[in-house]
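The data blocks that follow each hold one structure.
There are two complexes below, and they share chain A, which is joined by chain B in the first and by chain C in the second.
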Partner chain A sequence: MKIGAALCVLLLSVIAVHAAEIATADRKSGFEFMGRDTQAMQTDDTSNPGMLNVLDGGALWERPEGADKKACASCHGDASQRMKGVAARYPAFDATAGQVVDLGQRINLCRRDHQKAPELAYESRDLLALSAFVARQSRGQPIAIADDARSANALMQGRKLFNERMGQLNLSCAICHDDNWGQKLGGTSIPQGHPNGYPLYRLEWQAMGSLQRRLRNCMIGMRAEPFSYGSSEFIALELFLMQRAQGMAMESPAVRP
Partner chain B sequence: MPFKVEGDAIQRSLTGQPGDPTEGRRIVISRQTGLCLLCHSGPFPDERFQGTLAPSLAGAGTRWTLGQLRLRLVDGRRLNPDTIMPSYYVLDGVVRVAPSFAAKTILNAAQIEDVVAFLSTLRD
Partner chain C sequence: MARALINVPQQAKPGEIIEIKALISHPMETGFRVGHNGQLIPRDIVQTFICTYDGEEIFKADYSPAIAANPFISFFTRATKSGDIVLTWRGDNGFEASETVHIQVA
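Moving on, here comes the complex of A and B:
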């Protein structure tokens, strides 16, 4: 009897922790929470403002840079072939860096090691353009985060951060994006919080922005101190979000309200 | 201000004075101060953007006494440890608060009393 009761409690607490995670079949891109006009803006390349950045990125891809006067294309060639599906695999463990890096950091590693060019800052025009250009080559490809033991700690940390309450309002990512997606926060529909469209053009920003910029916005809303750009916390959160969206189609450059 | 929880309520006004319901209404609908309508809806026909994460505030004054409303605002975790409603008048149990809000409660004692006074006017 006692054991039965204890088991019940155990089961209940397991359910309480996991019931909230979104079932694979119920996952929806942020795209599905937008109005028709914004959707049309994203799907038509001629009206998608993010495509301007992709064009800029394409030019940067071909441009020789740094002491070695090499372009990305010098090593990688035709991006439409060689970069297809790449953005869908990041963040990933990088052996040279000895840590999990996101796409922007991977681009900067190439600049440092192969082009002998200075790092591009987070949210700089050029890094967003190159990231958008690379990510564009994965449009429609399924997110495919590798099952890699070397990323396991970062993944665990990301999951923990996603579920942890923080900030003056004492909210967690999971409270909004697992438990209350589809509800209205003030006038705004709460999406499931998937990372499949980044970098993207946000109408509210009137600009392109990275996933980390979006996460900073959510943290500011929680009245929490945002993690800094490129921090291990943000990389871990990005990795967890991508893992959580495993198999969903990439949309970059997406448009969001 | 110290306060005393008795059962599911805080009987005494935090300021020793009754609050001002007009000011309370202003706080409740404000997106910067009260933030209530991020989650709640209520009898505010002019407010276009109301939340759906929490029960409507309509009738709150019929369902709850002043003391019950006061505890709900001060620290709802005492009533439901898993609540997503922020504790508006206690500092403990929060981490990584943005520097501009650190060591501050979301509302001050007078604002809590104003909101309590306003909620008690919300009758079905």
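Moving on, here comes the complex of A and C:
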């Protein structure tokens, strides 16, 4: 009897943690939860406002910066060839930094070490533009997070944060995006929360924004204190989200309501 | 110079109806929002958009503060002759941006 009850509790706790993960075949990009008008806006490059930032990023790619007067293009050359699929692999472990870094931090490492230029602030126009330009080169490419033992800890932390209840509303990411996707929250669809279009143009922001800005939005909505930009918690969450969306096609720069 | 994305067909048959689509980067600050210091953020919007086709004005729009940032506009016209299609935006603080596309009608 006692063993039965204990087994029951054990089973329930296992179900509570693992029951809801989305099967690979059921995964859907946020694109599929949008109205047709917003979809059309994203698909046509001349109506996608994110492309304005991509153009800005293309100009920055060519512009010599820092003490060495080197542009991104001086080393990397033609972005359409050399940057293809790169954004789909980040966040990734970086040997020089000795930690997992996301695309924005990788760009800043390049600026610091190779261009000898000041780092760009998180969520600044220039960093978003460069990230968007690099991510644009991966459009249509599958998300391909490497199976790297050095980023295993961050991945584990990210998974934990995703499933952990937080804030005054006592919600976790998983409660909405694993268990209740496709339902409505305040009249809008709850998507599965895949990070395959960042940085993206959000109509609510009327601007481009990073995945971390979006995560801060969700945390504020949960009445939790958001992590700060570039914190290890956010990098871990980003890594877990990308790994969760492994194989899905990149859409950057996406448009979302 | 503000960035703009223009979509106009480069070639058309005489009499064909063509769609002109244009998107410009602009903050479209309404003038009704309050900044961190408690002061109103001054209005900064695009006020007018004008399209000329071979020198002749074919479309004009007045913009208002309720229009979102990076305004997109799309309209139709009939391709009559080869010439330049010039799109011009003017707004607050002396904002002016212009883009020219040549259309071949044959």
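The rule we apply is simple: the second predicted complex is superposed on the first by the 242 of 257 C-alpha atoms of A that agree within 3 Å, B and C clash if a C-alpha of one lies under 4 Å from a C-alpha of the other, contacts with A are read in each partner's own complex, and residues count from 1 in each chain.
Following the convention adopted for this analysis, contacts are C-beta pairs under 8 Å (C-beta built on N, C-alpha and C of every residue); 3 or more make two chains touch, one makes a residue touch a chain.
Given the structure is predicted, the values throughout are model-derived calculations rather than measurements.
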Would you check which partner chain A:Asp56 touches, where first means chain B only, second means chain C only, and both and neither mean what they say? second
Please work out whether A:Gly167 is in contact with chain B alone, chain C alone, both, or neither, and reply first, second, both or neither. first
With both complexes overlaid on chain A, does A:Lys184 touch chain B (first), chain C (second), both or neither? first
Counting residues of chain A touched by each partner, does chain B or chain C come out ahead? B
Going by the contact rule set out at the top, does A:Arg223 touch chain B (first), chain C (second), both, or neither? first
Output check: A:Leu203 vs chain B and chain C. Expected answer is one of first, second, both, neither. What do you get? second
Which parts of chain A are in contact with chain B and also with chain C? none
Quick one: which bits of chain A touch chain B in the complex? Just the residue numbers, please. 164-171, 175, 179-180, 183-188, 220, 223-226
Inside the complex, what are the residues of chain A that reach chain C? 41, 44-47, 49, 51-52, 55-56, 203, 206-207
The chain B residues in contact with chain A across the complex are 31, 35, 37-39, 48-53, 84, 86-87, 93-99, 101, 104, 106
Can you name the residues of chain C that touch chain A in the complex? 3, 5-7, 21, 23, 25, 28, 68-70, 72, 74
